[in-house]
Amino acid sequence: MPIVTVTRRLRFNAAHRVHNPALSDEQNAALFGKCNNKNWHGHNYVLEVSVSGEIDAVSGYVVDLGRVRDIVEREVIEKTDHRNLNMEVDYLSGLNPTSENIIVAMWGVIEPALKPARLQRLRLWETENNYVEYEGE
Amino acid sequence: MPIVTVTRRLRFNAAHRVHNPALSDEQNAALFGKCNNKNWHGHNYVLEVSVSGEIDAVSGYVVDLGRVRDIVEREVIEKTDHRNLNMEVDYLSGLNPTSENIIVAMWGVIEPALKPARLQRLRLWETENNYVEYEGE
Amino acid sequence: MPIVTVTRRLRFNAAHRVHNPALSDEQNAALFGKCNNKNWHGHNYVLEVSVSGEIDAVSGYVVDLGRVRDIVEREVIEKTDHRNLNMEVDYLSGLNPTSENIIVAMWGVIEPALKPARLQRLRLWETENNYVEYEGE
Amino acid sequence: MPIVTVTRRLRFNAAHRVHNPALSDEQNAALFGKCNNKNWHGHNYVLEVSVSGEIDAVSGYVVDLGRVRDIVEREVIEKTDHRNLNMEVDYLSGLNPTSENIIVAMWGVIEPALKPARLQRLRLWETENNYVEYEGE
Amino acid sequence: MPIVTVTRRLRFNAAHRVHNPALSDEQNAALFGKCNNKNWHGHNYVLEVSVSGEIDAVSGYVVDLGRVRDIVEREVIEKTDHRNLNMEVDYLSGLNPTSENIIVAMWGVIEPALKPARLQRLRLWETENNYVEYEGE
Amino acid sequence: MPIVTVTRRLRFNAAHRVHNPALSDEQNAALFGKCNNKNWHGHNYVLEVSVSGEIDAVSGYVVDLGRVRDIVEREVIEKTDHRNLNMEVDYLSGLNPTSENIIVAMWGVIEPALKPARLQRLRLWETENNYVEYEGE
């Protein structure tokens, strides 16, 4: 049976600062520069959620992407859109919200919520010029 | 010798409905919602065709992408562009034209036509927010 | 007071054929070629809705774009998305659904629904390579 | 002599909240919804700066777009990128940072700085789905 | 009768250098910097061709965009694509190929060729960050 | 520890011709068609540089993408932007500048310069319709 990967893109707009609370203000400024601005900045993030599996013989789908969208909207987007990533998002609590830390935290939320569908890959665009990818390993 | 993957993007505009002829109308409506509309809807599809291999020492190409384009235009695009995917496309005959089923059927046409070049991956965008990928396994 | 134009983009996916019912099948085929395919084709349309006016001193908005989106979703998108433009859309009834005819018909629906906001321009993308614009004159 | 319009696109990432300090918190929440979140959100803004004029016979340019970029970078982008639009940007001081108010304020900074070149139009994208335009009137 | 503007996008890839042959090499270098590199550089240009007019009652078109595409392909694109803009393009002969000079020269070719259709606007993208517009005046 | 891949996109505009100096002019013309034009053509290239690794516990980064950008700007972009790929780029010297040969040559420059960070993948877009990928094997 062929294995196909299906992907849904979703968007959220959020404020953040790159900041490690275990470091001093001077260390944070030296390490993160303008991304550490204490008054925040923000991005239009794009998240791509990819699920892999065999094609279901009845539906012709690997998974209903409408269901994927609804789950990710509920579990991730609604908690994150128009929010402050350092202060307001439960699954990012205590984390320095770099794209790397965000994507791994989102995997932790999305992967169990999508089961039995198998989450194959997340890709998170912070700007049109940089993105991160994670495959759960 | 380095292995490089080269990709060509192509477009086609088509009508379809997501519909499994083995199910009743009620089952189809319940399973596929507005995508099952009996009067059709349609998309601007984008197909990415990726070929992998060693770089030829004479041409500097893995494969002539103009030749890839011509083959895929002839074998897939001309038969599909401005067509009805449920009714008019020979290689989709009898299939429920979900993106998953389309991409596997296209692989069956493109992979032998490109030989001896090695088809590595197909990616099919149905909208700017969802796409499927298949690597022939 | 400064006059600013604000724009919201919305999407719909639909089937259509370019066909003038007042002509014979032969005339339609000669005039419209593959766009006249009797079994339909389709597109991912993008509609840009632009409203002009003075900035409201209280809200800082020309118009609440969320309200614009809701009105256009209700009046145009919900009636058109995943539909057949020749058969199923009340405000296109009897029209040959070229982009030109669609945009003028959409103006006739959207312009009164947005009042007292002033509709300034519609832009409708049929594919990434062609679009039409209308300013109500 | 032909009149040509030349445009340069520039980017900045910023935090903001839509908030009118003359209103109560309840009024702000009612009027602006999630855009009023007191902990901020943010966007990847794109600014398009358009200058019109005759083509200079020596340079073949209406204006050196490198000079336009340098002026707008210095006068607007450096003061705004990775900043909080409600708190940190001098030319937005006291303003509710809706896209409408931002674009008019930016016009006030850019128009005199570009002289004798004639600023024709600003277009500001807040997200890929909404933008505002201003021509100085 | 409503006036609608219809637009077709076309692409060409070309080499050029920004260079005024009436100036010395030193003057050219001072004025144009790296864009004056004597060994050329190049771009993926995108040209948008806009035609305005009443909608034809029989076709539902302002103009057949397939005919627009064919004319512009023949008159402009085939002469320009994969060419050197300083050396090989008849309608640019003797011109410094800035985007401003290119767009006015293209207008001179396209405007008469499209008649009786009325060319309304050309837009030429040199990169994704800069473009020029011309309306024939 | 999770392994994440981070990617930075960069741009350069360059002239080239596809030409193998070991072949005759007739053979080159037959093999490469208009891409062999002796007066050059050019492209707006986009390069995506992907680095993989564990997330650093202090910075929350796999690697500082600002550092990646600076290295790639210095080692590759500044030597290539607004240049002739056949004549002026040291790391392409003697090569037929197909996208395949360019990407392998860029790997040879970027991979050691980024160490100890691990270069995972390069993707090079020649036009919006074709790109190549290389993972160093």
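Which chain is which? They are A, B, C, D, E and F, in the order written, and residues in each are numbered from 1.
Please note the rule applied: contacts are C-beta pairs under 8 Å (C-beta built on N, C-alpha and C of every residue); 3 or more make two chains touch, one makes a residue touch a chain.
These numbers come from a predicted model, not from an experiment.
*Asks:* Any chains in contact with both subunit C and subunit F?
*Replies:* Chains touching both subunit C and subunit F: B, E.
*Asks:* If you walk touching chains, what's the least steps from subunit E to subunit F?
*Replies:* 1
*Asks:* Taking contacts as defined above, which has more of them, A-D or C-E?
*Replies:* So, comparing the two chain pairs, more contacts are at A-D.
*Asks:* By mean C-alpha position, what chain is farthest away from subunit D?
*Replies:* Measuring from the centre of subunit D, the most distant chain centre belongs to B.
*Asks:* I'd like the angle of the rotation relating subunit B and subunit C after CA superposition, in degrees, nearest 5.
*Replies:* With C-alpha atoms aligned, the rotation comes to 180 degrees.
*Asks:* So how far apart, in whole Å, are subunit B and subunit F when each is placed at the average of its C-alpha atoms?
*Replies:* Measuring from centre to centre gives 28 Å for this pair.
*Asks:* Based only on mean CA positions, could you tell me how far subunit B sits from subunit D in angstrom?
*Replies:* That pair's centroid distance is 42 Å.
*Asks:* Can you list the subunit F residues in contact with two or more other chains?
*Replies:* Those would be 128.
*Asks:* Chain contact topology under the given definition, line, ring, star, complete or other?
*Replies:* other
*Asks:* All pairs of touching chains?
*Replies:* Contacting pairs: A-B, A-D, A-F, B-C, B-F, C-D, C-E, D-E, E-F.
*Asks:* Spell out the part of subunit A that touches subunit B in their complex, as residue ranges.
*Replies:* 2-10, 50, 55, 58-62, 65-66
*Asks:* Please name which positions on subunit F make contact with subunit B in the complex.
*Replies:* 18, 20, 22-23, 31-33, 95-101, 103-104, 128-137
*Asks:* If we count contacts the way the header does, which residues on subunit E are in touch with subunit F in the complex?
*Replies:* 11, 13-16, 34-35, 37, 39-44, 81-84, 87-88, 127-128
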